[in-house]
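Each of the next two complexes has chain A plus one other chain: chain B in the first, chain C in the second.
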Partner chain A sequence: MADLIEAATRTLPLSGFHGGSAAAVLSVATPATRISLRAKPDAVSALSGALGLSLPMKAKTSASLNGRHALWLGPDEWLVIDENEADLMAAVAVSNVLHSATDISHRNTAILVEGRGAEVAVNGGCPQDLSLAVFPVGACSRTVLAKAEIVLLRTAEDAFRVECWRSFAPYVSGLLAEAAEDAGN
Partner chain B sequence: MSGANRIPGAGRLTPAKTARFFFDGKSYAALEGDTVASALLANGVHLVGRSFKYHRPRGIVSAGAEEPNALIGVERDAARKQPNVRATVQDVFDGMKVISQNRWPSLSFDVGAVNNLLAPFFAAGFYYKTFMWPKQAWKHVYEPQIRAAAGLGVSPTEDDTDHYSSRYAHCDVLVIGAGVAGLSAALAAAKTGARVIICDEQPEAGGALHYDKSVTIDGQDGFTWAQATAANLAKMDNVTVLPRTTAFGYYAQNFVGLNERVTEHLAKPDKKLPRERLWQVRAKRVIIATGAIERHMVFANNDRPGIMLASAARTFLNHFGVAVGKKVGVYTANDSAYEAAFDLKRAGITVAAIVDSREKPGEAVLAEARSLGIEVLAGHGVVDTGGKLRVSSMSVARNGGGSARKIAIDALLVSAGWTPSVHMFSQSRGKVAYDNETQRFLPGTYAQDCLSVGACNGTNDLQATIEESLAAGELMSNASGFTASEKLALQGVNAFSWTGGMAGAAEGAGADTTVKAFIDFQNDVCAKDIRLAVREGMHSIEHIKRFTTNGMATDQGKLSNIHGLAIAAETLGREIPKVGLTTFRAPYTPVTFGTLINHSRGELFDPTRKTPMHALEEAQGAVFEDVGQWKRAWYYPRAGEDMHQAVNRECKTVRDVAGIFDASTLGKIEVVGPDAAEFLNLIYTNSWDTLKPGRCRYGIMLREDGFVYDDGVVGRMAEDRFHVTTTTGGAARVMNHMEDYLQTEFPHLNVWLTSATEQWAVIAVQGPKAREIIAPLVEGIDLSNEAFPHMSVREGKICGVPTRLFRMSFTGETGFEVNVPADFGPAVWAAIYERAEALGACAYGTETMHVLRAEKGYIIVGQDTDGTVTPDDASLGWAVGKKKTDFVGIRGLRRPDLVADGRKQLVGLLTKDPNVVLEEGAQIVADPNQALPMTMIGHVTSAYWSENCGRSIALALVAGGKAKIGQTLYVPMPDKTIAVEVSDMVFFDKEGGRING
Partner chain C sequence: MLLIYCPYCEEERSELEFRQAGDAHIARPTNMTEMTDEEFEAFFFLRDNVKGLTFERWRHLNGCGRFFNAARDTVSDKFLTTYKAGLPKPDLSTLRPATEAIVETYEATESDAK
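Right, the complex of A and B next:
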C-alpha cells in the first residue's frame, strides 16, 4: 500500500510570520530538530563527544557549533537544537552512557528577535536582566515571557532566539510584536 | 494673552507657545507647559470642583501630586474619558476638554450642596448609625441609594482605544525623585559607572526648585542647574532618566513599580506610542529622594476656593508666571510661607498680612518682611473666612481670644509645616520613627537596601541635602560594586533656612463640634470628626481613620494624616507616637488599570492554545469550547443541526460506523531511564514492571491523602521508555507532581521526565470501521486483532511519517490513537478524514466524546471526581495493586474515614422517565417528602441524553451508592422532583465485546 500513500507534508506553526518594528525585527526560525537531553555529570563527556560540542555545565550558558546549540537548562538538563535538522536522537544514541533523550522537534518553535531594540522588546515581558554584562552572547535561560514559558538564547549582541511550545507561539509572537513596537519608541 | 493673572516676565513658560482648552464647555487660553490648575488660575478660575460629602465649593489647594481637591475629568473622545485627574499634575494640551465633577446641574449652582446644610446629620460614622433600621432596608433602600450617590467622576463605558506597554528593567541604583537630592545622588552614582535609573513624577527635574527661586547651585540658578544636570545624565549610556514617571509601589527585594505617562500631555499623540508604560524595576540599591509635602492650616472654613498651600502659590508664580490673587493673606506656623509672600510682593501683588500662629517667627524672615513692608501678625490666628465661591476675607484674632479683625483678601496662603514623604520608605517595610524635636515621622529602621536623602529624610538645609545625597549616591554604587575615580562636590546657596511647623488643629479650628475646620478636603473630614471618633471610643488611629474616613480618599491623606493624628493624640491626651501611624500602601498616587494590565488585553489577555489541526476543524464546521487555555472542537454541526442533533448524530455514527477525534490536548509525558518502571510503580496505584514493551495500561495516580489526582493510559515503548498520557487539564500539574516526587522523594532513581504534550498531534479513530479507515495509510504495523490487541502500542509509519500508534479506546469501540509529530497533524488528519468520510464515518467533538465514555461508565477525573474520591469510591479498586508495598497515597488510602462504610460512591442513575435528562450538580435525596432542609446524600456528576441507549443516562456520587443499586432515589428540582433508579455505571455494551472488534 505504501506506494499509494502521499507522504504527509508539514504545517509549521507561525508559517510566514514576520513583524516587529525597525528597532526589533521579528521572524520565525526555520524548522530545526530538538531533543531534551538529560544526564548526570559522568555522562557529559561521552554525550559531548557524540554531539560534537561541549555540553555547558554552568547555569545560563550554551555551546554552539555550525548551527547546533546545546543550552543549559538545569544541572542535568540541556535543550539541544540543530538548525540543519540532523538526527539528534540517533547522534546521542551511540554515546553508550546513561542518559535520556526525547525528541521535541515539533513541540517547540522559535521566534527570532533582531535589532538594536531586541533587548528592550524581550524585556517587554521577560523579567530577567538582559544587559550584555549579565546576559552576554550565548547566554540562555528557561524563563517567562509574560504568561508563557520560553527558553531564551542570545545569539548576538542584538539578537535573541525565543523558543516556546508551539501552541504558545501566537501569544509569544503577539506579545513580542507589541513590545517590539514599543522598543522603537 | 494666556490669562489675566499671568504676570509678564514671571515664570518659565514661553508666552508665544499657547494652547486652548475647554473647562465645562468654556474655552480658555493656556501656555505650553501649563497644568490645568495653573491655566485655570491664570484665567482667574479658582472654583474647580465640589467636595464629596457636603458638595462644598472647592478650589486648587496644591501644585502637585498631593492635590486633594481639584479633581477633574479629562476627555479626548467618547472612549477616552479619564475621571478624577488631579488638575495640578495634568498638562494642558491644545483642544483638551476638562469637566468638573460631583456637581449638578452646574459647578456654581450645585443641588447637592444641600448636604452642607444637612451636615449635622452626616457626622462621622453616620453610615454605621443611621442606616441600621429596618434591617431589610439596608439591602433594598440604603445601599443602592448610597452607592448611587457615592463615587467621584464618571468612568467611560466604551472600550479604551489607547494601548499600554510594559518593561522590565534592572539597575544598580534606582533614584526616586529628581529634585536637588535625587539629582545629586544620581550624579554621584552615575559617575561611578553604575547603571542608574532616575525617575520623577513631574514633567521636568527640579522638585522644590520649581518654586524656590532663591537657590543657586555652583553659582547657577537652581532650576537651570537641575535641567542641565538631568540632560547630562540622560546623555550617559549608564543612566536612564524618566520624567513623568511615578514610583508608585515599593515591593520585596527592591522591586519597584514605576508608572510612566507617555502621551498624557500630548494633543495628538503618535498612535504608535503607548499612553502609559509600566516599568518593573529590580534595583540593587534604591535612593529615596521624594522630598516633603506642605501641610495646610486647620481652621474654620479653611476650604474655600482661593485658600491654598503657600508653596503652591509660589510654584504658580515662579514656574507658571501666575498670580493666585491680587490681595493675598498668609496664615502660617512656619517660616517657609514668608518666602511665598516675599516672592508675590516682589511681583507686585499686595500681601494683606502674614498671620503667624507663633509668638516668635524666624528672625531672618521677620526682618525681610519688615523691609518689604509686609504686616506680620505674630501670635495670631485666622478664625474664619468669608466668601461663597472664592475666599473674600479672613477674620484674624489674637491667639486665645479677643475680637476678630476682618481683612479683605482674594487668596489665602497657608502653611503648617512640611511632612517628609516617607511613603516609599514605609512601603519598603522600613519602620518610621517619630522625631519629637521637629514633630515628624522620619525613616527609622531600614528593611531593604535603600537610603532616604534630603527632605524625605528630614534634612532641611540645602548644602546638607546635597552632601548627604552625593554621599548616598557614591555609597550605594560602592555597594553595587562600583567606585568613583573622584569625589564630587556641589555648592548650594539659598535665601533662608526655615523654622517652625505645627500639626493638628490651629487656633481657628474651635474646640467644639460645629466648626468646619477641614483636615481631609476630599472626604470632608473636619477636626471635630476626629474628636467625635475619639469620644465614641476609637483610640487607635486605624479605627479613627475608618470611622471618619480620614485619609481614605484618592489622595490617601497626603495632607491630612498628620493633622488627624495630632488631633487624635491631643484629644486622647497621649503622645503622637503612642496613637500610631496608619500604614502607607501602594500605589503612591492612582495608577490606571490600563497600565497595570498593559499588554494583557484581547488576544493577549491569556495564551489561547490551539491544536495543530485547529484550522482544519474550523473549516469542517467545528464549534469550539474552552478547556483551560485550549480551544477544543466541541461538536461539528451540519446544515440545520442544533447542538443536540449534531451530538446525537455523532454518537450514533461512531458506534455504527466510526468517528475521528482530535485528542492532541491530552497531556503526554515521556518517562525515560532504567528505573522508569519503578518510578511509575511509586507514582501510580497499579503495577508497571509487569507491563511488556508494546503494551498499554490504564493508570490512576493519587495524592498523598489517597484521593484520585489524575488518570490516563500509559504505553511502554521500550524497557526504559514509557509514553504517559494525562488528562488535558492535568497535564502541567501532573508533570509538576511527578517531578516534585522524583526530586524530593525518589532522587535515587535513574529516570527523567520530559513533557511531550505538544510534540504529538493525536487523532483518535474509534468505531467498528476504525481499522478499515486507517489500514491503507499505515505501514510497518500489523493491525490485526491478534497482532495488535486492545491496549497495545506500536511504532511505524502513517502517511509516510513516523507514528506511535495506540490501540486504545475511550468510547468502548475498537479504537486507535494515531500520534504523529505535530507538524504532520493536519496532513494526517486530512488523509484520515478523507477515508472516514468515504466510509460513512464523521469527525466528532468533545461533547460526543463525553457522552460515549459515559455510556461505558468511564470517568472523567475532575468531573466525576472532586478531590474527595478514592479509587474504590469510583469503582476503580481493580486498578490498585493489592500486593504493592508503596506508592504515593498508599498510607492515605488506609485512613479510617477512607475505608469507612457509607462513603460517597460513583453509581449510575436511570431516570424513571427516560426522556428526562438530569442536571449536572443536582442534589440527590432518599426521601423527597422530608421536611426542609432535606438530607442530601449525593449529587449528579455527569448527565446526558444517550442516543445509542435511547434514553437519558447519568453518573452520580451517592453515599453508600453501590449498596443502593436497584433502589429509587429522588432529585428535587425547583419545578419538580425527579425519581431515579440507582444502577451500575455501564449503560451500553455491558459485556464489553465491541472494544476487541
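Right, the complex of A and C next:
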C-alpha cells in the first residue's frame, strides 16, 4: 500500500497549460493550499494572529504576506491561499476561537493573467469594473467569468489571479485564451 | 445590464452576480403544527405578484453570498433601494423621485390595451 501511495502522482488540472497572447499571457498557477474560512467578527483577531496576517474586514480587499493571501469574500467569509503549500488547517486550528475552516486546496485551481491586456482579457467574461481606480492592486472579489464562478485577485496593475473550481478549469482557461487573443487587438 | 447595489459589498454590481429569491418580509409562522391547510397554503404558496412596487429578497450569489432585500418596480424593473436582511421596510416616500419618469410599456405604446 505504501508503495502505491508513493507511486501515485497527483494529476493537476491544466497541467502544463500556457497560452494567451502577447498582450495577455496565461499560465497555470503552482499548486497551493487553500481554506474556506468562516468566522464571526469576535474571532477575527485570533484567526489573524494564527495565520500571521490580518484578515481583511472591508469588502473587496485582501491581505498578502510571503505568498499567503487572505481574500475577503463576504462579511464573515474569507478565502485563504498559501502558495508555499503551508498547512493552513493546522494554522487556524490553534486559534482557540470558534470558526469554520474547510480545506479546499484541490477544489480550486488558478490561472494567472499577465500583461498590458490582462484587464481587457478578464473583462472578456467578467462584468466588474476592473479599472485601477475601482479595482486597485490587492482588490479581490468573488464574481463570474461568463457562466463560471471565479474569485479574482489583482496581484499587480497588469496581473490577475483567477481562481476557479477545477472542473471549470477547461472552460475558464478556454474563455480566457479567446479573450486574451481579443485583448491583443 | 442592470446594476444592483449590494448593501454588504457597498457598491453596484452587475445583475449577473445576483439571483432573485422571492418575496421579502414574509412572517414565518411560529405555530405551524396548529395551522389549517388553508392557512399553511396562504403562507407557503400564495403571493400577490403585484404590478408596480414590490419588496423582494435577493442574493448576491456570485459575490458576497449574502441575502438582502430590495424595493423594486416590476413595471420599470427599477430598483428603488436595497437594504440589509433583517431591517424593516424602508420609508419609500423619501426615495420616490419628485416627478415619476414615464415608462414606455408595451401596453402603453404598442398594444390595443392602451
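Definition applied: the second predicted complex is superposed on the first by the 178 of 185 C-alpha atoms of A that agree within 3 Å, B and C clash if a C-alpha of one lies under 4 Å from a C-alpha of the other, contacts with A are read in each partner's own complex, and residues count from 1 in each chain.
We take it that a contact is a pair of C-beta atoms (placed from the backbone, for glycine too) under 8 Å apart; a residue touches a chain by one contact, two chains touch by 3 or more.
This one's a predicted model, so the numbers in the text were calculated from it and none came from an experiment.
Touch criterion met: A:G74 reaches chain C, while chain B stays clear of it.
Once the two complexes are overlaid on the shared chain, A:S141 sits against chain C while remaining clear of chain B.
Of the two partner chains placed by superposition, only chain B is touched by A:S36; chain C is not. In the superposition on chain A, contact is made by A:R10 with chain B only, not with chain C. Of the two partner chains, chain B is the only one touched by A:S131; chain C is not. Touched residues of chain A were counted for both chain B and chain C, and B has more of them. With both structures placed on the common chain, the touch criterion links A:S105 to chain B but leaves chain C unconnected. When the two complexes are laid over each other on chain A, chain A has residues 77, 127-128 in contact with both chain B and chain C. The touching residues of chain A, when paired with chain C in their complex, are 59-60, 73-75, 77, 127-128, 141-144, 149.
Against chain A, the residues of chain B that register as touching in their complex are 163, 165-170, 195, 262, 272-274, 277, 280, 282, 599-600, 603-604, 606-612, 630, 670, 672-674, 750-752, 754-760, 775-777, 779, 797-801, 820-828, 831. The touching residues of chain A, counted against chain B in their complex, run 1-2, 4-13, 31, 36, 38, 76-77, 98, 100-108, 120, 123-129, 131, 134, 146-148, 165-168, 170-171, 174-175, 178-179, 181-182, 184-185.
Every residue of chain C that touches chain A in the complex is listed here, in rising order: 1, 8-11, 13-14, 16-17, 62-66.
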